[in-house]
Amino acid sequence: MGWIKTTFHKTGSPRWFFTGARPWVVGLYVFGALLIVVGSTWGLGFVPPERLQGNSVRILFIHAPAAHLAEAIYVSIAIAGFVFLVWRMKMADMLIQAAAPIGFVVTVLALATGIIWGIPTWGTGWVWDARTVSTLLLAFLFFGLVALRQAIGREDRASRAVALLALVGVINIPIIKYSVEWFTTLHQPPSIVIGEKPAIAPVFLIPLAVNVVGFYCFVAGVVIAALRARIAEREAGTQWLRDWMSKS
Amino acid sequence: MRLFFTQFRRDLLVAVRSRSDAANPLAFFVLATVLLGLGAGAELAPGVIWVLALFANVLAVEGVFRRDDDDGTLEQLLIHAQPLFPAVMGKLAAHWALSGLPVAVLSPVAAIMLTGSTTGVGVLVLTLCIGTPALTLLGAIGSALTVATGRGGLLVAVLVLPFYVPVLIFGASASTAAMLGDPVAFQLLALAALLAASLTAAPFAVGKALAISQEY
Amino acid sequence: MEDDLLVAENIRCAVGDRVLFDELSLSLQPGELVEIRGPNGSGKSTLLRCLVGLHEPDAGEIHRTVDSLYVGHRSGICGRLTPIENLRWLAGIAGSNADDVSIRAALGHVGLGDARHDVCDSLSAGQQRRLTLARLLVSPAPLWILDEPLTALDDDGRDLVGDLLTRHRTTGGAAVCATHQALPTVPAGTHALTLGS
Amino acid sequence: MRLFFTQFRRDLLVAVRSRSDAANPLAFFVLATVLLGLGAGAELAPGVIWVLALFANVLAVEGVFRRDDDDGTLEQLLIHAQPLFPAVMGKLAAHWALSGLPVAVLSPVAAIMLTGSTTGVGVLVLTLCIGTPALTLLGAIGSALTVATGRGGLLVAVLVLPFYVPVLIFGASASTAAMLGDPVAFQLLALAALLAASLTAAPFAVGKALAISQEY
Amino acid sequence: MEDDLLVAENIRCAVGDRVLFDELSLSLQPGELVEIRGPNGSGKSTLLRCLVGLHEPDAGEIHRTVDSLYVGHRSGICGRLTPIENLRWLAGIAGSNADDVSIRAALGHVGLGDARHDVCDSLSAGQQRRLTLARLLVSPAPLWILDEPLTALDDDGRDLVGDLLTRHRTTGGAAVCATHQALPTVPAGTHALTLGS
């Protein structure tokens, strides 16, 4: 069990993270970019046009990874919120701060690609169903985290308020999920059912999986880089940072 | 209970003193009904009334702590009210009595104006009576979180939107179902569950957020 | 010591990089008055907010054993209510059992007897400050934390603050007071604490 | 012009400082779209979008003078700005640039979300661009009148509703007509006339109301 | 007289039934300072608001021939902006042509040199009052109307107000000043006006 404690403390130390994580950023960038290039070229260039949707299906390779990733980012933020409120770990706060805007962008990307995709396939950019609505709400949750922090301004106070919001937000996630799903079943079902996993042919699935992993890695790289930037900002003037700067 | 009633009575009194403020959520509700009737014209779904009630509620709740923060009475409340919980509840109860309740009472009129029908109006009122206190409680969290910003306003609405949506969904779908003559028990249960959940969780989140708001 | 009303140990507050105070210790016994002095922006108000529990110090600990009353830069008065209503509310949340008679007496004592039914928004700056003093009379607490209590008061008001403090201290109370002007009466047991010099 | 730009720049700066505030009318618009879409579900008339834009505008404008009154900068403006007229215009211009304009720009998205169609979207944007400044000007009168009450809020909305109605009617009917492919020239002209009228009258009414607000 | 900067003739203000002052006349010539005194609620602030044109007296007339600067109970500072931005705005609407150099000099003079890029919300009570004094430096006007300018200021701040007033008066300015505390320097040409006694 000792190693858990050590890891916890180490990850909690901005200094350890800052110095240790640099190779990771580069690695994740390179690896993620590589996968995205492979997956996208494959998906965009070599996958046959879909029977019903034609070439518009190709946007799937951006849309689906973005949508999955957005959810994953929120879950990590909520965990960080809990950690910050309970243990007052500064790193957790900085993670929220670094990841929230990125989460927002990724969610907007999922929404935008969904809308673009919807225009040829559904004949309209928007339908009111469980997936679209919960994605939209996710965007609002991210936006709220960013907006609240900006609005409060003062760092300590903002950190705690934002962590509280992130935590209360996560209680909300299952509630949203269920209510929104019931809501569609209470109404008439949407006229076009979005493709579900089994319905996707392997030709689509493999490049999609490659792209999903690529997105995850690349965005993880972005988040870590943003986190390091935050650390550099907050720890500016400390001795270890100055030492490190002069070394590198 | 003493704390609850002290705060409840005070807040009602403040509202009565500023008479038009007290009438405001209601006035907004009426006004929005009129504007929607004018702008949209055609017959609207009963869900629209739920949306209007929700707006009236959130627009009122966003400022529930602001004036108290400006004049320093919030400071005093945090120092003296031990525990804070009943005082917060008293505040929110007074607030709901002046925003959610009158809107629920008046909603049949709006329903008739906008949908042109009286079917299911009873269920509409019932859902509003269960749903609006939940909205007030949830909205208060956002309001408390933004006290420190000195603004609130629409930021509150944006922060708590994801929390409102479940309430809205069940409330609106129950009202729609009632109008069509469908069963509504499930939605009512869900609404009650949401109310119970917010009654337990919200006051503590609000208290915590208020304490944070006084630091800098 | 045993009968300390308030003990602050090695507390520290900083805004950004600037340390307002550090390793500041303070304890208050019945009858004592601590006067906090220091130039504008030196952290007097911040210290008082720490003592009363509104602000958390960055380091150090504060033990409060008794109830306290706080009069800050913000008045704590609702402008829509009358002085009587404001005091009634305060007595309610502070759990003191002041009745209307004692509230009225307190208002008379601070010179607001005539204004007791006006809404506070229509009181002058000094009248509002006087109402904050009336709070000290209606919900008795052994510890007073006062932030510039002389603000906006006329000469008579200043004497009033002096009297209140003296009476409070002779009945076993203690006070911490941030001020730029000399407090009217300074009996034995008054300490001065100067910040930021 | 110097007064206009001084005030315009300051108000933009204040809004930028409180970044999320600046995004708020827009956020409300998006939020209202979402809630209506959820609550009402069915396809809605384009007039509803006009109603939403109107709400976003009035809710933002109600507080346009409040903060300035609280901190005493309004006092200073009244003492120093001679004449007051350009400074008030600068204030309202900044306000509109952050509330009416972004809503007009984003309205196509809302139109697609709520009505599921893109016909007549151009006219919708055009009517909003002409109509929302008129709303801001009219709303500012109500806002200025209620400064002295220390409240405003929904009271403003109630006060200026009668002034809004004409703007809403022409705006909504033009948008609906455009969606159906009918001619809209008349409504557009009427909107332009309303804008011209409010441009001439409103700043003076606002100035007068502000001066009154400082008396007691 | 010809060079009167301000003349008030027989003005009268009442709140409800209570007459605050009546038949009050006042004129100000370059170099003069009128100190308004009186107990809390006697109408000092109301008189000043009349003089500067914010409040209309119930009777009597006020002639203003020159620009005036007013520092009231409310600060006139936007808490979201920095001191520099606040002063820049004020110079803009007052039509003075203060550039950034003189604004910075004014801030340095009132002791806010270091805080000039903080938003005003995060300034202490006294620092905010100091910013209101900086206004007096950036947009020069022959007439100053000051309502309790010493509020929340430390000793150094009080001397600053004294200096400012003296300099203003020797360069042909005049001032009306409501105050409860004695103003630091009282050269010749100072009149006292006591209300409500």
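A, B, C, D and E are the chain letters, set down in written order, and residue numbers restart from 1 in every chain.
Convention: a contact is a pair of C-beta atoms (placed from the backbone, for glycine too) under 8 Å apart; a residue touches a chain by one contact, two chains touch by 3 or more.
Keep in mind that what you see is a predicted model, and the values were worked out from it rather than measured.
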Q.
Moving step by step between touching chains, how few steps can get you from subunit D to subunit E?
A. 1
Q: Have a look and report which chain pair racks up the highest count of C-beta pairs in contact.
A: B-D
Q | Intercentroid distance (Cα basis), subunit E paired with subunit A, Å | A | 55
**Q.** Euclidean distance of C-alpha centroids - subunit A vs subunit C, Å
**A.** 49
Q. When the centre of a chain is set as the mean of its C-alpha atoms, what distance in Å lies between subunit C and subunit D?
A. 45
Q) At what distance in angstrom does the C-alpha mean of subunit C lie from that of subunit B? A) 36
Q.
Could you pull out the residues of subunit D that touch at least 2 other chains?
A. 18, 20-21, 27, 31, 34, 38, 41, 70, 150, 216
**Q.** Of all residues in subunit C, the ones touching two or more other chains
**A.** 15, 73, 79, 122
Q. Among the residues of subunit A, which ones contact at least 2 other chains?
A. 133, 140, 143, 147-148, 151, 153-154, 183, 187
Q.
Taking the touch rule as given, give the residues of subunit B at its contact with subunit C in the complex, in rising order.
A. 2-3, 5-7, 10, 13-14, 17-18, 67-68, 70-73, 75-82, 87, 214-216
Q: Spell out the part of subunit A that touches subunit D in their complex, as residue ranges.
A: 124-126, 128, 133, 136, 140, 143, 146-148, 150-151, 183, 187
Q: Could you pull out which subunit C residues touch subunit E in their complex?
A: 15, 38-41, 45, 73, 111, 115, 122-127, 129-130, 148, 151-157, 180-181
Q) Can you list the subunit A residues touching subunit B in their complex? A) 133, 137-138, 140-141, 143-144, 147-148, 151-154, 156-157, 160-161, 164-165, 168-169, 171-172, 175-176, 178-180, 182-183, 186-187
Q. Which residues of subunit D touch subunit A in their complex?
A. 18-21, 23, 27, 31, 34, 37-38, 41, 112-113, 116-117
